[in-house]
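The structures come next, written out as structure tokens.
Heads up, the next two complexes both have subunit A, just with different partners, subunit B and then subunit C.
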Partner chain A sequence: MPTRTLTPPTETVERALIVDPGQRVPGRARAYPLRREGPAKLTGAAKYTDDLVFPGAWYGATIRSTEAHARLLAIEPDPDADWSKVVIVTAADIPGHNVVASIKDDQPILVPVGGEIQHHAEPVALLAAPDRETLRQLKGRIRLVTEQLPAVFDPEVSAHVFAQYEIKDGDLEAGFGEAELVLEGSYRVGHQEQLYIENQAIIAVPAEGGGIEIHGSMQCPYYVHNALKRALQMDNVQARVIQEETGGGFGGKEEYPSMVALHASLLALKCRRPVRMIYDRHEDISATTKRHPAVIRHRTGVKRDGTIVAQDIQIVMDGGAYCTLTPVVLSRGALHAGGPYRCPNVRIRARATRTNTPPNGAFRGFGAPQVEFAVETHLNRIAEALELSPAEIRRCNAYDEGDRTPTGQVLRDSVAAHEALEQAVAASHFERFRAMTAAEAKARRGSGTIPEEPYRTGASRTARGIGLALGWHGAGFTGAGEVHLASVASVELTADGRIRVLTAQTEMGQGTKTIFPQLIARELGVPVDWVEYPSQDTAEVPNSGPTVASRTAMVVGGLCIKAARRLKAEVEGRNGGLPFHEVFRDDAASHGATRIDERFEPFPGEPFDEERYRGDAYPAFGWAAAVATVQVDLDTGEVSVQDVIAVDEVGTVIHPILCEGQVEGGTLQAVGYATIEEMKVEDGRYVNDRLATYLIPTALDAPHIRSILVEAPYPHVPHGAKGVGELPMDVGAPAVVAAIHDATGTWITELPATPERILAALAASSPEAAA
Partner chain B sequence: MSTFRFLVNGSPAEVEAPGMRRLLDVLREDLGLTGTKEGCGEGECGACSVLLDGQVVDACLVPVCQVEGRIVRTVEGLALAARQRGELDSLQEAFLEHGAAQCGICTPGMLMAARAYLDAGGGPDEADIREAIAGNLCRCTGYTKIVDAIAAVAGPEGA
Partner chain C sequence: MPAEPPIDTPRHLFEAYELLAAGPIRPIAGGTDVMVQITGELGPIPERMLDLSRIDALRGIALEADGLVLGAATTYTEIRRSALCREHLPALVEAAATIGAAQIQNRGTLGGNIANASPAGDTLPILLAADATILVGGQRGERQLAAAEFFTGYRQTALAPDELILQVRFPLRPGRELRFRKVGTRRAQAISKVVLAIAWRDLGAPGWADVRVALGSVAPTPIRAAVTEAVLEGARPTPAVADLAAETLADELAPIDDVRSTAEYRRTVAARVLHRLLRDAGGW
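Right, the complex of A and B next:
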């Protein structure tokens, strides 16, 4: 497999993982187009939803439940308040189905009277008022009469199953029979909030013909479009959805904007004017989707040399109160649960259940970060038990070309687990650093200058450590997902000679608006500025599928390139074979517009059997490795993540700066997941539902992140790209936890690794505790 | 309602507002300067950072009565202040070249915090830069490219 590393490791000696942050690479940015909407964002000219002015618009608010499970008996507006100047919407006002269209259609837009409230902060009624003050005052004067019902909070005891899968390969009993060591482990991860800095925001504007026009912050205009059509009984034209500049998504704006848009639309249709539904941070955190919490159990059999011979894995995910995208999140979790390692005898059992907590949904990684934290930590524990290096045990087991995954998928193309691993090991001087930390730990151990502080000496209050993780991420939608989507993307030469790329792929910071024109300009041989990328408006662009699953660059980018090639051939064919860039304007003038629609065709390989969970789960996988170094304060348990080397193999790098941006940002989200991002839940309510209490890393908390991009092109898309968005999210957390172990000698098996958990683990492993 | 007069990006502004109205709302709604963003409304995220007499403040925590007679700078005034003929000043240009803006929602506040740091004579030292932007949350970049961009402007070859 030919691979290429884009940023070769630099040689440094003592501080192995530090790169000079001020290092400037002259002229590098200029080799690639600058971010297209960058100047608008940098001058404040870019218009996000809340920046838009609609004269006469009212303000909308959502009345939410304050119980986790209850029957709604009545909605009672205070009779002493003046309701004449506002509009109230309840479930009775919904013209079509009272469901937020999704996989199972089980989530109501508003809980009807007589219906069941299933979670805290569930929408029950809506209110719109001409000004914010009236809205605020009256919002507090709607009383919900309820009858409390018993609530379920533990996903392991919940009997309501949203989805379950079993993947089996080989003979598990025989595998454990030949094992020389069997290790069991249990791992837990909690909720994680996407925490895009722009809150959920939608403005609904009534349109002629009883229609509605949505302006909003979102990843998937066609998801919103579909939800509107269902609930409001509208056709394709009556419902129109326009994505505005979007201040981050990370999955959090995949499905939830449908709910916000439905609410804003119901109010706008009733009060016959635009309604602004702009969440504040508190509402956004308390009500919107989070990463699924999970409990993952591993039982693994290995040979003395580290070869994995049997893996028995059980996953339970907490779906929250409604199904949302849970079956697909769980599916991705199950398919990634074994890690990027060959194993002949496997059983993976996965189920997701309902609890009376706010629904969980899409978040960068989509089920994979949870299971990869578990498998990587478990493998590191096996390495420790066998006295093998974490790098060595991965060398021994990581997939090679031709290996089979647990679904029987033969890895034929673009397999680069070993390349990612070796780059990370070399760039971090992993073994040498590990030898240093081992020597430091030995010097510390038992020096005992402070009573009851076995790991500390008077001289060293902190301990440092290094940790490694390897990961994989299936490219594009799971299983037959892309076939079901049947995406269409278009490239158009207009009659007035403009070149337009038409897709529904949204820009939310990751670079869609820059790389699509870049790819098409290269195909057509024209300057990048000549290629237009019109806005994501359902009245204008075809449904090229959602902007999720790291599929934009790979799947839709591939469709656009194919469309551009066909356009080029057609125009050149009409013009005696002269190059496109010389003739397209004249061709447009004489021939008129030419539009090429390219529809998705299945990738080669064994079709995925969704019933039996056999076949090619993904067309290909991206491969990632991370090495983290940490410093742990042995008195307080506080962890400072110092450096992360993030190696990501993405097929082909389209735009190195944007690609690195994805790696660095994803890595920091993973570091936050590992260390400080914790959602406390009490009686089904998020307790720390403010930015003052739910913490994400600041510039001071963030480690130095050095990204190394590796290329092993995927041959069945024209540009070879596999996507990058989610990959770095999968490996950061287990690398940090491994580094904490290297520093302290204790394994943290529940994320995040808070100071409290680290101190508890240290206390439990101290010689006093053992005695 | 009272009348408040102050300078915004070099131009005099006069607004009629209750004294406790947030500077953030005055800028965005009364003066139409929507470049300044709201991320949390409680002084945690820094998306609404503006300069008040050269100091970084969270516009969501500043009542307009405290702005009377003072000088406010927002992202809309950056290129203006640099007296550049081009669209972007050197700091904005560095952000663009280094890939320091992704979704862009934290960018205006981040730029203002960086501007204050540079105007106060801040240099290319990484730790100093991180300290200067510690009040501004970014969820996209991992901060690496933001620090690089600011260092490039602060460095010997910077503007």
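Right, the complex of A and C next:
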């Protein structure tokens, strides 16, 4: 193995913290701008959608199927009820296409009579009433006449394929021929709920000229805009979408708000009043999108020294009842499935199928957390089989600059897998801790204190463990996605001398509203407070693409910087080369407004061939490592995740506090995914569809998280940033599962690693069970 | 959210008794169960509600000659902060601390936990293990019920529709030890998968006396494990006794699979929690 010089951890952390000195004035935290919308959120002044008052607004509700698969024969309002004061909307009321515009036009806005219901929470009819009590009473008095159809719940059995890909590189057979150990493994992950704090919420307001104005909680105003235009036959102006303060998204407000907005609009157009469509938590959990469940099978050939020589991977994802974003989620899953490791002989086969469950969709990580849990756990098992340290096997295989991924992409720059790994290993004292837990495990075995009878306890109630995972995350949209999007972002100097950054990038807690002004202020040499970031209103801002895929900082941030540079050059050019900050007000007064629109230009590299799955799948990758320490209660299988060292390489850090916040939040979400977040499904219905039963970690369950930010700037965007939102989500779960193994000696191959699964695995692996 | 039913807020018990006798009316104390049922539309909305929060007679924690007496409207926070509870009934304090979050503990009451009669009610095994009695009352008079007779079926109690829970009396017996353990999905805001309380008296005799083993979340009601108690009665917590008691408990329980856990897990964990408590008591 080549030797490498490593930056000592402290130095890198220091470096990360001085990327942007910001301004040292009162009211600044650690010399970085305060979160723009922070004070309003902290003081309760922030207005979320449900806080907005529209006089005369009615309340909307969705009548949903209660069957997983059925033909809709009739919708029958109870003839004994008074329907005169309310409006009912069915598919017959839809003026345009009855589809929620997405990748495929397969999902109806409302199931038409004669059509097929595909999942138990599918919208069939809509109801609006002047008050909530009338709505509640009448909602229960619409009967759906249906004819039951056979339902499919197993994605491996389903014959309806939404998407499938095959990635091939090298010679698989030759690779396995060369291998000194071949290990197979099967891994499963279930649904995960995004659980944003604010439920789905949209208010639709009828506008002059037959248009509609949407106010709501969402990630992607232009997705909603597009959906409205198609279904309601409206033009760009008639449909207007305004994002309101949004209490979290995590992908859950990428595509689903289109559905809610369409429902609210149909009701609003029919009753000619504003309609409030605000989901309660129960409806939100039972009907909206989740992370895709998946079954992932690995067959891996390695040399005795740990070198990976062949990887054969099969992924099956459960798309749910409709396609939504499944092909793209699956694509990202396939492209990340091998992990951040060089391997000359690879086959990755991926398919996503339909089941009669609510559609699955975008969730932080977007297909990568599922496959990275599998590959990392599998690699840890290989390390165990070869008696290698989990760190050592990664050192042996992790990508270096110049390595090729399975699509033939040559990693030319900004490759920091080793750096992330070594930072995590050093900061956690990984090898020392591992030696300690190994000694503790030996002592437990030696003293015979491991319970052999199922109903006994051992002398030591708890065991400690440490686990490591390494990950990567393709920056920005997959493949040719950014080229198709052709985003536009603008920087404007208004006639009255204001500087405005115009993008469709939404704030949902991650910091868009803070970092864009920060980036532009730095370019223009003005204080950050002088840069305005107007709200995400399709009548005001250009389509700079969706706020997804950790692309905001990297792609749109880059466009904004380029626009700002052009603006600066133009203004300075008109003013004898004097600095922008001295002349821009006079320039605006004399010259009038100047607006620069910057359009996306493809990144350099090998264009991605979507047919053959060859070429540069992403312009660059972010790199992450996590080391988790856990304490497992050997009596009950309860896991307490105590510490996580989260190392994330993000290109450049724009705002360290917000960036660390992303790392901590993503890590905790990954800990929940690893340990307790479990959606139980019976006959296609989520059984635990309430906050009392779908549990996420509380403050008391949260580990101490130490985030270490590493920078390997991406040279083809002006600021070098690669994005941070999803990275920490990819590595947390496999690190926790590895730590559980270190503590207990048992591998949990299905997420979440619940106490029930841990005790069952321990019972199956006990000497008694083996005998 | 559905319309709010009319609410009566009496200040005296006799007024509450009159309202109850005129029924139907749903008593509400902290509301931590009732409100969830209403907003979650989990059953019919009460036609009227009887707010018990202003009745002083239902409040207070006192040490009386034969025991510790808690008013039914005592909140979990009050239990946690009570010096009397901490001194005489630390296991109840421990149980109160595991319920919900701070906001729930501020509102939720001991009497409410009893009236709600959930098999997962975290304080209920303590009542069973401590031989608590529940004082109930109405226009027809007052009566004392043993906690062990109170829970008659799944969410069913011996309380008549015209009665209120007034007080819970925990007898304080010399030499009694009481231990509590809850196993939930997370460390706060979690409904239990298994909850177990064990009480015994160690009077220096050859074995333990008055052994009580009580559990929640393993049956339609909070229960006492009589067969297991018999194994432990008169015995000492040696490894052999603990093994036998744990196996007996595993045989005695018939838990079910539900949204929170599995029957197998509950059986195993209940047995192991007992084994662990006996191991700790035995000091081996």
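FYI, the second predicted complex is superposed on the first by the 731 of 771 C-alpha atoms of A that agree within 3 Å, B and C clash if a C-alpha of one lies under 4 Å from a C-alpha of the other, contacts with A are read in each partner's own complex, and residues count from 1 in each chain.
Everything below uses one rule, namely that a contact is a pair of C-beta atoms (placed from the backbone, for glycine too) under 8 Å apart; a residue touches a chain by one contact, two chains touch by 3 or more.
The shown structure was predicted, so the numbers you read here are calculated from the model rather than taken from an experiment.
Subunit A has more of its residues touched by B than by the other of subunit B and subunit C. Of the two partner chains, neither subunit B nor subunit C is touched by A:Glu156.
Of the two partner chains, subunit C is the only one that A:Lys680 touches; subunit B does not reach it. Once chain A of one complex is fitted onto chain A of the other, the partner contacts of A:Glu173 are absent, as it touches neither subunit B nor subunit C. Touch criterion met: A:Thr698 reaches subunit B and subunit C at once. Contacts of A:Asp496 after superposition on the shared chain: neither subunit B nor subunit C is touched. Of the two partner chains placed by superposition, subunit B and subunit C are both touched by A:Arg690.
Contact with subunit B, but none with subunit C, is seen for A:Ile197 once the two complexes are overlaid on the shared chain.
Touched by subunit B in one complex and by subunit C in the other are residues 280, 690, 692, 698-700 of subunit A. Considering their complex, residues 21-24, 29-30, 34-35, 37-48, 50-51, 194-199, 245-250, 280-281, 508-511, 657-658, 660-661, 664-669, 690-692, 696, 698-700, 702, 704-705 of subunit A touch subunit B.
Subunit A makes touch with subunit C in their complex at residues 132-133, 136, 280, 282, 451, 453-457, 461, 635-638, 640, 676, 680, 687-688, 690, 692-693, 695, 697-701, 755-756, 759-760. Across the interface of their complex, subunit A is touched by residues 1-3, 36, 39-41, 101, 183, 185-191, 242-243, 246-247, 249-250, 259-262, 264-265, 268-269, 271-273, 275-276, 279 of subunit C.
Of all residues in subunit B, only 28, 33-42, 44-45, 47, 74-76, 78-79, 87-88, 92, 95-99, 101-108, 111, 124, 126, 129-131, 133-148, 151-152, 155, 157 touch subunit A in the complex they form.
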